[in-house]
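Each of the next two complexes has chain A plus one more chain, namely chain B in the first and chain C in the second.
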Partner chain A sequence: MTLAIKKLLTLVALLMGTPALGTAGADLFRDGVESYEAGRYESAAHSFQASLDKHVFAGTLLNLGLAEWQQGHTGEAIAAWEQSAWLNPFDPGARINLSQARERAGLDPLELTRCERTSTWLPPGLWAGMATLSLWLAVAMVTLPEFFRRRKAGWHQTLSALALGLFLLSLAPNIGVLTRANTGILTEKNTSLRRTPTPSAEVVATLAAGESCRRLRERGDYWLVHTRRGNGWIERQQAQLLRLE
Partner chain B sequence: MTLPEQLMRSQPATDLLAPVTCTASFDPPQIGPGEKSIYRITFNAPEISIRRPEPIPAPSPLNLHWRASGQNLQIIGNVAQTFSTFNYEAVPTLPGSFTLPEFNVEVYGKPVTVPAATLVVKSQRTEPAELARQLVVEPAANRVFVGEPLNVSVRLQATPAHGVEGVSQLQLNGDGFVTDKSAARQSIQTLKKNGVPLPAFVYETRITPITAGTIKLSAQGYTAGMQFSGPVVISGQVSLSSGPPQYLLLDSEPVTIEVLPLPTGNELPGFNGAIGHFSCDPPLLATNRLAVGDPVQLTVIFRGSPNLDRLHPPLPPRTPEWQIFPATPGGSVAAAGTNPPGALFHYTLIPLSYAPRATPAIPFSCFDPALGCYLDLTIPPVPVTLPAANAGSDVDTAQLLAEDVPGSSQSPGWSRLAATPGPRSALLGPLQFHPWFWFVQGLPVLGFIGLGMWERRRRRWEQHPEWRRRREARRALRRARRVLERAADDADFLRGAVSALQIACAPHYSATPGALVCGDILQLLPAAEREGEPGETVRRIFAAADSAAFAANKGTRSNILAEKVRLKKILANLEERL
Partner chain C sequence: MSRKSQTRTFQSWVFFCYLTLGFVSWGATPEADTVISPAPAPVPQTARELYNAGSRQLQAGKLGDAEALLESSLDQQEDVVQPAALFNLGHVRFAQGTEALKKSPGEVAPQSRRATEAGDEGIRKATEALASSDVAQMVAAYWTGRGARQEMRAATDAVRRAMEAHGKTLAKWRQSLNDFRSAAELRPSDTNAVRNAEIVAQAIARLVDSMREMQQSAAGLSGRQTELKSLLAQLKGRIPGPSQTPGAPGEDGEEGEGGDQPLPESLSGLEERSGSGGGLELNLSPEKAGELLNTLQADGKPLPLGQDGKSEMGKPRDRSQRVW
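Right after this comes the complex of A and B.
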């Protein structure tokens, strides 16, 4: 993907919705940057988190990950960078940090299916918008000339075929977005993977902070997750999903 | 024929059809007062088929007490026969000759006669005293703890009348203990009895009391001559007589063993029932340099008591940083120097994180009966190293952070701190998870449905134009009638009335409403109405309208408003026909 296309897609993503940061959010972001540069990483993390509570921005998440990493919070840092990459896949910063952090922590990257890997090329919203527009464009190009008693022109059919192709191509990434939304990062150190969703259940394995998991089911305060060490139950607050809610 | 079949066929047949016979005798038949004689009844039938004779009809004051019973297989000729023996003890205190009369015993449900037997009790005997042959049980200790292994020896002393001979089918009778048959040894030794060295057959085994209290331990077995069931160690000068064995069921006097419970309240961690004097060698780890997820073997050697084969290694503790599999036995270790023999166990450990700096201690303890207390044998931790390059713990992360500062432009491999918040998606989760996304998908659907319906109606009107004319006429007529209602003078009324009549009739002629004249309207009225009052009303309205439009004297009053009610009725009838 060329840089020009990436810039164009970023612009589209921006046009899809870039609300104003707001004075308070901007101030918090600036405070965070200043604290980070002064070496006050805990304060920086608090400022970035407070800014995120108002509006979620990819850059704020990137900085939050750096501040968390500086405090030794491997899980929180990796989760923040994954979320930043989820929001803005064109920014290489989050990917560089993820690669570096995982290499140093001896962690494996997320296990993604082919659909999910494709879905990382664009922001999730863009895939959904692309599918919607292309589908209805294809339908419109087929039906509207007839409705308006116009003769079907060649460009009608070409546009319809192109839109239909785009729609079919965007189906797999959209499925990938939906399944990737259930992946998460363990934020708690030595997370116990339990056999049943109870506090006294047998511990199947112990997972390090920053390891990835995939949520399969939910029961009460527990998630049934799939990890590299097998399936098991973890407490809800021990992991953070990639999708921002 | 298969090998098992060949083996089975090569065995002598068991004779179960032979008539049941019985022998009974006192051993020895002549004793002194207060001495013991064994009354032995033998049947050539399995023990299970015999209803044990109880009580024995002994003449007073001779009392017989049951001691032991057993059965063995003897080869007679070319067939094997099962013989069952019942031993009763007789200790007469008065001299005399006591004859047990014949009596019947039920075998296979049928009576079998036990022959009479005589015991002579003499207070003064000329011949040397012959004592009843019996086994002697000698435990290594009479006071042990529950679970403490106890060596027991069973001895059959040679007598002047009977040389040394082996004992087969030897078993220990009693409750509250288990016998370790794997520890059994048999030997022939020369032992002193009343200062006289005599050879004896010695059977040694080990029992383990399993309940606290008192154990009454006795033994029984068959004399087997020189037939030994297993290896036998002969020490000293012993003369062995040959000849076929005489199978006699012998038993022993019971011995009492006091079994003490283990002290409670001060058990040490890891106690799993190990009783004895043990020690633990320093554990050996296959390698001290580990990687997360890679298994490593920890070898532990326990030394001490002879019952090492019954030692169970401690279960590993559960720790979030290690996955430890239960120990597997690795065989025995020979004694070396002052070190007693030992038992070797292997634990497999897998580090699950980078945090541990040593293997976890594995708690273990034993109870030492000699000291009467618990001993701590905990397997100590072994230092390990997890390479820093793979470290992912917070401690290691902190060490790594000292090397570089992510976020600064000088640190390679890390991104720079974002100077601006950057882009964000208006929607943080996948659009598909928002209900409005699907609602928005419905809008184009509704639009296309609307377009389709519009097109369909348009086509229908094209096929049936009169439908449209009538529909438009109905709408126009409604408007004209509203104008008529509001008409305040004759001129307004006439304009509205003529217009309404023309609108109501125009679809029937496919004509413009303004083109219709009075005759056209009257043509649409039924014949009766045309000639009647409605027709007259229409004529008057059109005449008044013509007069108002074309007459020279326009100011003439025609009082046409009076026709309003009748006109409404005419318009209603015409509207019904649209």
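Right after this comes the complex of A and C.
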């Protein structure tokens, strides 16, 4: 399926079920869609971005990615689709777009650990909710019968064990969510990977827009990142993290 | 226990100790003859160890090793060590640039000037001879022109080699400048780094001036060579057969362009040229050299020009920082 067809399907789907953006956000979103359909991709990207400033939705990010891609902004497009997939992993649109865009640009997909790969199965909020609920359920099943002076039944024990098991299982994905939050996408073309966090630093490698990086730490306006080409410093505005801040 | 027996016990213990020491020393004596190899020096691992090792190599004059160690120290990304490592790396790279400059063929300006004068003389004589149509004058002008061309080729080759050496130096000094600037950016209180950056910038400006001069002289030589070549070809065409100089077709460098096959008697001339560097054309075109010069500063700011050129090139002060 080509990007164009997917783009139209996405737009139609989003127009049919426009989420509750609020009046201003919805207007901006509609402006974005109209601009996109009229071929004014820059204006569309601005509108989608303004809509995101009001409310963040996976669909808006998906459309923003399309508008950026049409302008030749590979890095911004991949970052938007990654953010869309971060918010809503069930939508295959972002994933298909990502794989096609990376294939065309000759880029490798994100390097994820096992925990991080598991964390992509569900939205991050769901993993956190699952951990919280299961923990409290396990605690409740152990303590509440005694609190209400009732005899502990077998199902109490079973439910407590199941909840505890669920809690333990959700720990790894939650760790994955935390570590994946430091993953980013380079948005600037020919980003210089510097040896030191200074403007005059020696450039150890040049990275293409859309390449992934992992933030290790910060210093001033620079991030120390791990990339496929090694570790080095980039300017903060040269990359976007997957987790929207 | 009586006092006497106590004394005897004490003496026994003293005797035992002496005996033990004696055995130990006797046992140790043969071992002393064997050469004990010193423990291998620990491989530097941390940023601080790498920095110290790099600084020691810098003091020992091993610039390549020092550069590698200091770069590894920087790659460890330890905030405390980075400014000092950058400072010393600036010294290392400046010294490397200076070393590259020493390998340059020396002062090429006088040689270039002499070659230019000889070329002018050759052109003048060839023009006059062509105008006069006197065979003897044409033969004499031809020989003068050939000599001038050879001199210009040698000068062009010297300029080319000097430009290459200067280019290497320029690259190293630019790195050195960035290292000192980075050190100053990381630790703004480091006035030594700021001062060294200024000195390196001045040295680069002088180097660029000298490269510009070389570039201009190379361009002048190239133009004269082309003109003289054309005049010599005309002279050769007008000199009658018996006056033709032996090996002439092969020694003017025209065999490739004229399409004439070299005659057996001209092969010695070809061999001689191939041994001395082929066609002796300037590999670095004026445009390319201009590009090289224009890429001097990434920020696009012009370097301070107008240095007198006679004063001794400045060297960064405070050779290296302390070893921790």
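Observations on the structure shown:
FYI, the second predicted complex is superposed on the first by the 225 of 245 C-alpha atoms of A that agree within 3 Å, B and C clash if a C-alpha of one lies under 4 Å from a C-alpha of the other, contacts with A are read in each partner's own complex, and residues count from 1 in each chain.
To be clear about the criterion, contacts are C-beta pairs under 8 Å (C-beta built on N, C-alpha and C of every residue); 3 or more make two chains touch, one makes a residue touch a chain.
None of the values given here were measured: they were computed from a predicted structure.
In the three-chain model built by superposing on chain A, chain B clashes with chain C. Once chain A of one complex is fitted onto chain A of the other, the partner contacts of A:K189 are limited to chain B, with no touch recorded for chain C. Once the two complexes are overlaid on the shared chain, A:A94 sits against chain B while remaining clear of chain C. Of the two partner chains, chain B is the only one touched by A:W69; chain C is not.
Among chain B and chain C, the chain that touches a larger number of residues in chain A is B. By the touch criterion defined above, A:G165 lies against neither chain B nor chain C after alignment on the C-alpha atoms of chain A. In the superposition on chain A, A:A128 contacts chain B only, with no contact to chain C. In the superposed pair of complexes, A:V139 makes contact with chain B only, with no contact to chain C.
When the two complexes are overlaid on their common chain A, residue A:T60 makes contact with chain B while staying clear of chain C. Within the three-chain overlay, chain C meets chain B in a clash at only one of the listed stretches 8-16, 26-34 or 152-160, and that stretch is 152-160.
Residues 71, 74-75, 77, 79, 82, 86, 175, 177-179, 181-182, 185-186 of chain C are the ones that touch chain A when the two sit in their complex.
Interface residues of chain B, counted against chain A in their complex, comprise 292, 318, 320-321, 323, 352-355, 390-394, 397-398, 400-401, 405-407, 413-433, 437, 440-441, 444, 448, 451-452, 454-455. Across the interface of their complex, chain B is touched by residues 10, 13-14, 16-19, 21, 25-26, 29, 33, 36-37, 51, 55-60, 62-63, 66, 69-70, 72-74, 87-88, 91-94, 96-97, 100, 104-107, 123-125, 128-129, 132, 136, 139-140, 143-144, 146-147, 174, 177-178, 181, 189-190, 192, 203, 205-206, 208-210, 243-245 of chain A.
If you check the complex, the residues on chain A that touch chain C are 195-202, 219, 224, 231.
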